[in-house]
Amino acid sequence: MARHEFTPDRYYTTMGPHPPVLRIAPGDTVVTTTVDSLGCDVNGTPVTPKFNPMTGPFFVEGAEPGDTLVVHLDRLTPNRPTGISSSVLAPNVVDPEFVRQLPERPLVVWDIDPVRGEASLQVPIPGLEALRLPLEPMLGCFGVAPAHGQSIATITSAEYGGNMDYRGFCAGATVYFPVFEPGALLFVGDGHAIQGDGEITGTGIEITFEVEFTVDLRKGEQIGWPRGENEEYIFTAGNARPLDQALQHATTEMVRWLERDWKLDVVAASTLLGMCVEYDIGNVFDPAYTVICKLPKRVLANMVSARTKGED
Amino acid sequence: MARHEFTPDRYYTTMGPHPPVLRIAPGDTVVTTTVDSLGCDVNGTPVTPKFNPMTGPFFVEGAEPGDTLVVHLDRLTPNRPTGISSSVLAPNVVDPEFVRQLPERPLVVWDIDPVRGEASLQVPIPGLEALRLPLEPMLGCFGVAPAHGQSIATITSAEYGGNMDYRGFCAGATVYFPVFEPGALLFVGDGHAIQGDGEITGTGIEITFEVEFTVDLRKGEQIGWPRGENEEYIFTAGNARPLDQALQHATTEMVRWLERDWKLDVVAASTLLGMCVEYDIGNVFDPAYTVICKLPKRVLANMVSARTKGED
Amino acid sequence: MARHEFTPDRYYTTMGPHPPVLRIAPGDTVVTTTVDSLGCDVNGTPVTPKFNPMTGPFFVEGAEPGDTLVVHLDRLTPNRPTGISSSVLAPNVVDPEFVRQLPERPLVVWDIDPVRGEASLQVPIPGLEALRLPLEPMLGCFGVAPAHGQSIATITSAEYGGNMDYRGFCAGATVYFPVFEPGALLFVGDGHAIQGDGEITGTGIEITFEVEFTVDLRKGEQIGWPRGENEEYIFTAGNARPLDQALQHATTEMVRWLERDWKLDVVAASTLLGMCVEYDIGNVFDPAYTVICKLPKRVLANMVSARTKGED
Amino acid sequence: MARHEFTPDRYYTTMGPHPPVLRIAPGDTVVTTTVDSLGCDVNGTPVTPKFNPMTGPFFVEGAEPGDTLVVHLDRLTPNRPTGISSSVLAPNVVDPEFVRQLPERPLVVWDIDPVRGEASLQVPIPGLEALRLPLEPMLGCFGVAPAHGQSIATITSAEYGGNMDYRGFCAGATVYFPVFEPGALLFVGDGHAIQGDGEITGTGIEITFEVEFTVDLRKGEQIGWPRGENEEYIFTAGNARPLDQALQHATTEMVRWLERDWKLDVVAASTLLGMCVEYDIGNVFDPAYTVICKLPKRVLANMVSARTKGED
């Protein structure tokens, strides 16, 4: 249950079997920092090539292919007074005919007020002069080394996690990743101070973070796609194009979870999901889109108590 | 501002320029009933062919192509002690390989307790014995006659509304439809006592409703897709396959709304949506899928006050 | 086996249960004309609203829901000295980022030389001065009245046929449509003098046609999607978005055809298709895209002879 | 202009910056062998892990990022008396409801007759007893190391080529790849004796090959996606899901080619493609689908002569 303070001195723009920067044990906590998605550090200085450079990989002792890595996001703190975002919708999120009306994407700068916990535009855009938005820090890109010894660019995502840009990957969430490489090789980065669903301008408010997370390991538990939970929900993530396929992956993974951990058969799982499922859209910008399949814990609570009674 | 009590004696399974069943004026309220999606009435008796038979069409005096019809959903009351749902996921919402593990879809019966406002399975499914779900009544299918004199089956949806199966079409919501035919020709039906996002088993809890709604008209205001609002959000609906395209329609329609009614240009609209947009999935089962693009009213409130100040 | 010369005096831009313009019997031949997709006649005069106005519907005696209508395209003759096409790619067939480089779509005029059987640009486009293209006349839009009493705009397509824009719908092809309404109600129109795969500028060379076709009927033979054959191939058409889904429909329909008419089981059909299938893209422009699944008749010839021998 | 006989002793199931197995110069020819997609050699002995193990990478002297690698496929010779294929359609190429009717996928063995140039089933499937199919050898998977230092599994494809499973990658074709790594790092493998469009059972007739190819280099010519040509066509390949997006990539790449090499502007390129484009489907099975955009050389011949005259 060690607590590691780790200061990165290099970053990767692929997730793969790179040399670990730190070895940690299940139960350990890491406090570290991330550069922003453009490769700039806490001072706004470019220190590494752009497109989601990652801190890590962290080698988790004992993790083997077929296990599940548990990552609890303890704290995500934007640690710079300014963040950057795009200010024009991505061409792929509007009607094809409408693309002609999109100008090129200039970047805008946001002031981050850590005391009030708010962001505001440094140079107001007409109509948005009074805009003050509460910070909702989240990790845009994190996950483990992919299967088959692959090294895959941090602009995309798949079963190993990656650039999912889901708002629910915020402090308090516990995230589960399938392990494909010895040590799992955890990467974290791409902090967003705020982001709407879908990352539809292609960015959130891109900023540097101080990150604190705690890892654990579930030996011999194999999952297919990233899973997670928070106080209210359990959830699964599917990453693919089109959104339809991402949704298929997430839904199938949720059924498998209900089958294994709650002992529901496919009819019970279907009935429960049919009435109670909720979907979130992670991103619709990256090469692979992300759909989140959520189930409220309250309906599982009811259900388990029933099964418990039944077993008496 | 008349209040009409209307008892239907026929139903349509297409939305089109059918003879109106009632003529109403802007400001009028209608209290009527709907059969369930299988064509059964309040007694469970089959009275009309299945697949979302509609009550209507209601002819709204003064409505002309190019106007916007306003429909306020005042009250949606399930009025039968039982509802019906499918109990197996639709093959198109799971991984193609997983379809082999889906049994055929038997229907299950739900008891509806109007006093406690809850639904429970009439014959418990193993694992779900204790399941009690709060009623969240919503209209699965409603809208106006389509463009070009078309008559389109009530299993699908498009610009005119139709079978969108969005949970947010519940009491308290105000919905806007583009008008394509004189009188708009409003249809309502397909009540669901409860439904998860996406209608992923192909049904909600299908039930008869008593419906109360009030109409209004915005002359000369042309919109492209259904829009709506409730206490917290304004929202737009896009209907198409794949989900990606439905999302493009909904997002583009939201930008147009922000441009016209809040005088934001595309950069301001993009920036606001990029940070604050939320997406819901209406259905991923019908021939056209539905994506909802939502913007919290609180961020618009801030913005408008800024503009107001600016104009002083 | 009558031969009908039919001169249309009205046109429909929806396919639905409209009053028949002519009653014909199985075995009969019809010679008629079609206006171009913009509603202009053989003299280039606008005579009816645009978007694929149809000649018909022709009521085929004896046709009932559940039958199959057979349409042999005997002759398709462009009968006007000029045709019209768009000159810019549709925004949905290029990368979203590339749409900004597409100008608005001006129409261009083509001279049609019936003696040489060629088309050339009336006003040359720089680089295309020498372009002479052989005529390949095809029907862009044809089919029968849809299921469920629907009337659907002639800009789209589905199980009943419609705006499929497939180059293979040319003279010599025999096409099969499922019958949904008494009399089948056959519509024909939207002649193209030439068109590339996919109708990627949104038009072919739009022109008026003299059309000659012969109908037949297969009583009690139910099919799911349009089918066809020519000298070399049997083929099926799937209409949907995305192309993936259109391909699924076409492939499934082909398997069903092989199962019923050639008595192949799914393993034999799969093996044969896996090695011999060919796909064409009908259109990627209309609301529903079209994919054609083709199987060379030569491989079926081999196969049938084998079965015949086996049965001796 | 050396001719290298190269016998591989290891294989890669990722395409990435692996140590080259041979250094060759532009103009050189390589004669080598490939194992089948299951990792079996010319004797049917498993020698390496499955899923498209690649021969290579070949380092091409002088190739730098931003160049174009030219690969002429001189000869593809199946060199084993038997090949293997799947015998059931992949679940993703049929209607979701139809998947329940697909059995699990048993492999079948094909006898390859090199004298007659034919394949036939070793154990006949009922109905296919007489099936004899002409060999059409093609490379299922080949390409160069991807961008950004990635190593990507040989089950998929992208800008660098990969598992495109296009029937047109046969002897006589010249293929162009963008260069992302010094030396380009060419990989070849996954020989198919025969394959239908789309690789819809998930395999062709998987077999070992003797491969002969000749490389060249176009310094400073940057392309976005694989291109190719044969006697009749120039073509481009787009790799993505859904097919719609693959088609967008391929079409956009073709426009860029016409703009740069034939000096056509977007209107001329659109008009030409609108009338003359043909699309092929490479695969609809792998994680990324493949669409080929083809233009007949005959229409370019006409066009160039016009431009040539115009320049006099």
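The letters A, B, C and D name the chains in turn, as written, and every chain counts its residues from 1.
Here is the rule we use: a contact is a pair of C-beta atoms (placed from the backbone, for glycine too) under 8 Å apart; a residue touches a chain by one contact, two chains touch by 3 or more.
What you see is a predicted model, and the numbers here were worked out from it, not measured in a lab.
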Type of chain B:chain C copy interface by residue overlap (half), same or different: same
Selected pair, greater C-beta contact count between A-D and B-D: A-D
Between chain A and chain B, centroid-to-centroid distance (C-alpha), Å: 31
Intercentroid distance (Cα basis), chain D paired with chain A, Å: 35
Whole-Å separation of chain centres (CA-atom averages), chain B against chain D: 47
For chain C, residues contacting two or more additional chains: 92, 96, 102, 241-242
Partner chain B, residues of chain C touching it in the complex: 13-14, 16, 51, 147-153, 240-242, 245
Interfacial residue positions of chain B with respect to chain D in the complex: 90-92, 96-97, 99-100, 102, 242
Chain A - residues contacting chain B, complex: 85-89, 92-96, 98, 101-103, 106, 108, 119, 121, 125-133, 194-201, 203-205, 241-244, 247-249, 251-252, 255, 262-281, 284, 289, 299, 302-303, 305-307, 309-310
